[in-house]
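Everything on this sheet refers to the single structure shown next.
As written, the chains take the letters A, B, C and D, and residue 1 is the first residue of each chain.
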Amino acid sequence: MAVIEQPATLSAPARPSVWGKVTAVLALLGRSRVAIAGLILVGFWVVMASFADDCIIRPACWMGDSEAVSTPWLARYSPFEQFRGRNLEGPSADHWLGTDRNGRDLWARIVHGSRIILVLAPISVLIALAIGGTLGLIAGYFGGQIDEVLMRVLDALMAFPQILLYLIIIAALGPSAVNVVLAITIAGAPGIARLVRSLTLDIKTRDYVAAAQTRGESPWYIMFVEILPNARGPIIIDAMLRVGYAVFAIGTLGFLGLGLPPPSPDWGSIVNAGRKFIQAGHPWDALWASLSIASLVVGLNLLADGLSEELGRYR
Amino acid sequence: MTTSPGKMNEPVVRVQNLAIAYETHSGDVNAVRDVSFEIHRGETLGLVGESGCGKSTVAYGLVNYLGRNGKIVHGEIIFQGESLVGRSPEELRKLRGDQIAMVYQDPMTSLNPVLRVGQQMTEVLTVHRGISVDEARTRCVEMLRRVYMPDPEAVMGRYPHQISGGQQQRVVIAMALLNNPALLVMDEPTTALDVTVEAAVLDLVADLRRDFDTAILFISHNLGVVARVSSRVGVMYAGEMVEQAPVREIFAHPRHPYTQGLMRCVPRLGADKAGSVLYPIRGRVPAPDRLPPGCVFEPRCDYATEHCRQERPALRQISNRHMVSCLRAEHIRASEWQPTEDIIPLMPAADAAEPETILNVDGLRTYYKQSSGSPLDLIGLGKKRYVRAVDGVSFTIPQGKTLGVVGESGCGKSTLIKTLIGLEPMTGGAAQFLGFDLEKKASKRDMGLIRELQMVFQNPDATMNPSYSVGTQIERPLRRFKVVPPNQIHAEVVRLLRAVKLDEHYYDRRPRQLSGGEKQRVGIARAFAGRPDLVLCDEPVSALDVSVQAAVLNLLLEIQREQGTTMIFIAHDLSVVRFFSDYVAVMYLGQIVEIGPAEAIYAPPYHPYTESLLAAVPIPDPSVAQQHIRLEGSVPSPLNPPSGCRFHTRCPRRQLLPDGGAICEREVPPMQDAGDGHQIHCHIPLETLHDLEPVVQIAA
Amino acid sequence: MLVKDYMTRHPILVDTSRRVVEAQRLMAESKVGHLPVVADGKRLLGMVSRAALSLRPEQLEGLSFWDLTDYMARLTVGRVMTPLSDIHTISPSSTLEEAADLMIAGHVTALPVVEEGGVVVGIITQTDLMVELRNLLGAIEPGWRVVLRVPDREGEFRKIMLALATSNWGVMAMGCVRSPRHPGFWDVLVKVRYCEREELVAELKKIAGQEIIDIRETTSYTER
Amino acid sequence: MITFLLRRAFYLILTLFVVSIAIFAMSEIAPGNIAINSLGNTITPAQESSFNAQNGLDQPAVTRYIRWMIGSDWRAAGLIGHPVRQIYEPDLNRWSWWGALPDGTLFQNYTDDGENMIRVERLADGSTRDVPLGPEVWKTDAEGYPVFWGVDREGRAAMWVRGDDNEAWTLGKSTWRSSKGAPRAYIPLQKGLLRGDPGVSFFTRRPVAETLVPRLMNTLLLAGIAFVVVMPLALALGMLAGLNEGRILDRILSISSLVATATPEFASGVFLILIFSTWLKWLPGAVVVSSDTAIFERPQMLVLPIVTLTLIELGYVLRITRASMVEVMRTNYIRTATLKGLPQWRIVTKHALRNALMAPITVIILHVNWLIGGIVVVETLFGYPGLGRYVMEAALFKDVFAIEAATMVLVVIAVGTQLFADLIYTYLNPRIRYT
């Protein structure tokens, strides 16, 4: 944490390198204890997800080549390996968090579950950002009829309770990773569009936008080169919160049985499967998966919160 | 017979060696150091200085409202014989609003939007006096009447957003005076107001000071405003009081080099670019955490010696009631000052023989559609209403000349140039520029036309895109207009930076690392990158401090002289427009009421509106006599402009016409030619206008 | 010539809870002789003067040194002030004469000026009245000060006015009062400028039945 | 102001319209065939087409949308020549459709041979009698066929063609039954969503409204209690945190509210069950009821679901209120109020409160969408018989009318609260009230 503690210089160097920017952001985060706590929580899960097995060093595995056998690293076991006769066990030295009803190691399942969620959530947010951001820019910049129509449609989408959107989409298209991403994208894009639109409405009144217009620049140049970069601060913070929501939503879908089909070690599905055994004296499945998802979402929220507070202080 | 100032000679408030600091991440920063002054009953102390000099900090320190991270670290504030420092919050609360009151810069945000004016006013009385609401209401109405509020009973029942800015400020002032405070602190009370409203508020302040015997601390960055209301003036620089003297004394014989510098920065009303020069102060105000070790003004001072670098001067008395903190005050004379070499006085541009017309605007109209707010609008059936922002404006500009445009806010001057440059669609009329028609919006115009027509913007903080470096932003027009071959772009950017007096290190700077003046220079460099023929300047200096304003004006003049650029220059400051322009157009409610050579506009005959504007301008010279002409009411809505002459609702000269100017309401005024291209749109005959006394007696 | 124009506005006020020693220091430092005592919102409760604040020996009788310190520390303005019921107040719209009369009647040297509702808006003192008397009689600029003794009958005053008016001199002040020791006569004081002594004397001598009892040139006064 | 509200109302109605189309369209594009979903994949094409015709599924989407929204009875009545009426048959415990003669007699029709139409008249005691009709009832239609429009025994408007021997398939208790002389075309009778009838579930063969209404009431009860608990608490705590910005109390409230909102309901629900049910054994960990309406039998069952819902909402509302309060306390008019010498309590109650409530009220009420998500999860987790679980089940079983109806109800609630938010906002903000 030595780097973090270093205070940011007030006058930044003339040509900030990428590394310089990274350290500047870290230094900003370092000021806030809240953000550090968030960073630790999120960092923990990122490390777990990355080094659960040796997948990270075998490109074949990245493409989802299920034939290749991975060597477990941090996960210790494969999430699908069933240990005969050891089902529904509590924590032990062999199985740190215990086993589920099929005798699978819970630690391995939780760790692999983090990988699923940490891949799906950012992807869905990125897609939502691309779609919502573009729509918001268009609505905000052009205004008039385009804005009116776009915002009506987006309002209608937003009036729709998100959970119903997920339900209907998943019910219509069936549970799969792609559909989960699709559902979260559709549910998230209108909110992003609204945010970007309001930022655009503000930024487009700035003189530098007028200056670009008087140079006869194309609307697309103005939207993406002049306006968008200046909206990035709030968008990044919003995106971070949205990754949290997405994790939340993926978990919820899993819990409702609308997430990834079994035997995928999706956290929500683990809770859903495990809650039947709570009353039977085996709360471990539900407990660990709940703790995991709560810690990850809380971490993301803390990070976003700390960051926005620090950014706000210097604005 | 003089009113007796009373037998108590003790000041209402005496500030001694006040120092205020703010806690920051990097330790305490002293925003104000060693400030001393006193204010007596019925006296106004004007506090001037550029932004960041600690004026407002002093004001809020006086009422002990410094926020969570501000604190008084040293010194005393003696109010009515007793110290305010270290009083309990409850004692302070009882003083605030009762014995000490405050008026703020922005009246709109200073009033609570969800409470009626009456509620906000009466509570001052009910809380401090404990009287009934009914009684308080009567008193509030009386006080509103006292501050010349039209229809005070009705105003009591309104919400702040339902009354105009000038009326809001009157409400704030009335609220401050309700408890007859001994001390009134006014923090830039007129900065957010138009010049005509400002004049009325300043009159009111002077009135009230006389009637209530209140001690007033009046803070303003505007020398003219301070000159008008103050009895004494204190000049602040970098958190210190550098000079203090009676108002006439300080304007006649400024002793501190900073005060002298400030006065050289502002154009006198009536001065023009041919006959006078503005001398900016070099450098900028140091940040409070990086002060020079000696005199705070030393790095910018022309008289500085080694001694100044080492010793910090204290405020000392140099003559009866004149105090200055300069080690060399006795040795410097304002009259003997010579500009240093880096500030080169500008030579008047050589007058070419009859230049050709470059821009010809004829009957230009720009309307904005506004929905009438009826439910029918929902389905597109509502009656359309139009805001007539610009409504039939015609003028021409010869090559290489500058047309200044003045008028109150909302008169359409900004819309006019936005229409010309193609940011707003033209509703009607025609504009010809170098043979191009300016009908299309900028995005649909020919690249050749775009290149020849550029704009300089008002707000230095918004003129540059914060995401890109200075170099990148100047490069863009160079690439787009293909001004130079791609391999020479970098060299050209450096040349442009030099032209606006910035060195090439600025190439990689980010906008946030630049001061306001520097940003404005980059904005100018960007506008001039394509070597345009016509540059439209939308209040380019109004957001800048006076010393920077002078530098930017000089820069624009210099570039114009080198490149022979034609300009349209908008400003609300009549002195600046007079200084900068060859021709001046005065706009009111979307129309030009008077246009002509600059010198002709500022002397009779003038349009009654021009006359009122001139009467309202605060002049930084208490010895100049100005006629007292004040406009009634506020500018009518451009949605529904008055019939006939649009100015007839507020015209102070209507009675010069037979039957009180009935014709003004009926007929559009004729254009009267006063010769030399000077046109006045008014029903009053030229001869009558000619015989009017000049508003401002300008000393030769 | 109403009180509101001649009073001192925004007088220094003290709270009843203020300790006497503090009030004494406040009076000394601010060079004032009287302090209106108020409760919340400038509502008048009484007055203290320097005399009222000074302790009388009988009050301290039998107190030991420690008791004395304690007594002093606890003695508040509220306990020594002259209460509202015992003081005269005046409204800002009263005349100066009324103020003077009140002071004479009540043997006081200062009056708090109080608005409806008991709110203190100023204070008027003997000194204020003296200043006005001086200004009333002599103005503050140099000129000729003439005192004429005129018989107490109709039309005498008019004669002086006529004499001065026809000569185009500047009349700066005028005042008349019954001659203190000569019943049946009035002493009239006029202050004239822009004229020579001889002209003035010559002109005034023309008036029958009147007598110049004093003429002198006045110069400047203390500025107040 | 009226204009503002009218405008909002207009947009909300527009929104509802768009949403209804969207919901309809989405259930439309769902892969899989309703017939197969409802009847299993062993049916023959003849059975399938018969099923589709009987349920109006052979009609174009627009027709079905209109029927869904505004019903089909008026159309059927026009074709039959008599009004149709829905009545409750207590002995069969069901609602059914009948035609009504001018004298008020209710009737249905059937034919055995395609020649002789028989009218079944319903008597006051619920019994029926058959009345044969003459051949004059056959009318010639536009294409020249002799046809008869009536109400069939299943309560559908139906068109018989004279001399027809059309075969229809219906699913009985467990077997397929074929019948001759069946109608050629059907109009399933319904009043339409706008008139409160969302149709009959293909899954349970019961009117959707019958199950939906009690479920909705249960959910409203759950959400209502949560709302009543959350609102005053969250607003008060948020104000408290905002007024003490940066102090320790604010820190504690802010962080704990962040944790509360960020934890998904199913996770916090699991924690609560583990703590209060498994470990402390204070409260039941699930809602077990004999019928949908029996939740009052053991009110303590409601505690954990309500607390779970409350936690997440409490955190959210608290944070918004705090942020708004902090912002308001920094405004110039609060500075003015302070420098007017007002006491702190007056500044807070008179000047800050209303302004600080303005932003959160709208945001909070818009958050009802989120609350609905929470309700679905909580009801599923605790087995609570509410609308959320109903939607879930309908979605899992692809019960089209049930999904559509429940979704519309929830959307109407969401949109209705928006209008309500606008009303409150208008009340609080004089800038809108007086324009």
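In this text, a residue touches a chain if its C-beta (ideal position, glycine included) is under 8 Å from a C-beta of that chain, and two chains touch if they have at least 3 such contacts.
Since the structure is predicted, the reported quantities are computational estimates derived from the model, not experimental observations.
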Chains touching both chain B and chain D, listed by label: A
Pair of chains whose C-beta contact count is the highest in the structure: A-D
Euclidean distance of C-alpha centroids - chain A vs chain D, Å: 31
Geometric centre distance via CA averages, chain D-chain C, whole Å: 87
Intercentroid distance (Cα basis), chain B paired with chain A, Å: 49
Where chain A and chain C are represented by their mean Cα positions, the distance between them in whole Å: 83
Set of chain C residues in contact with two or more other chains: none
Pairs of chains, among all present, that meet the touch criterion: A-B, A-D, B-C, B-D
Chain B-facing residues of chain C, complex: 5-13, 26, 29-32, 40-43, 117, 119, 121, 125, 127-128, 131-132, 135, 139-140, 224
Chain D-touching residues of chain A, taken from the complex the two chains share: 34, 152-153, 155-156, 158-164, 167-174, 244, 248, 251-252, 255-258, 268, 271-272, 275, 278-279, 281, 283, 286-287, 289-291, 293-294, 297-298, 300-302, 305
Contacting residues of chain D [partner chain A, same complex]: 11-12, 14-16, 18-19, 22-23, 26-27, 29-31, 255, 258-259, 261-268, 270-271, 273-274, 277-278, 285-286, 368-370, 372-373, 376-377, 380-381, 391-392, 395-396, 398, 403, 407, 410-411, 414-415, 418
In the complex, chain B residues that touch chain A: 25-26, 418, 421-423, 442-443, 445, 447, 450, 453-455, 457-459, 462-468, 473, 476-477, 480-481, 505, 508-510, 513, 523, 526-527
Chain C contact footprint on chain B (complex, rising order): 1-10, 12, 41-42, 80-82, 94, 98-99, 128-131, 135, 179-182, 212-215
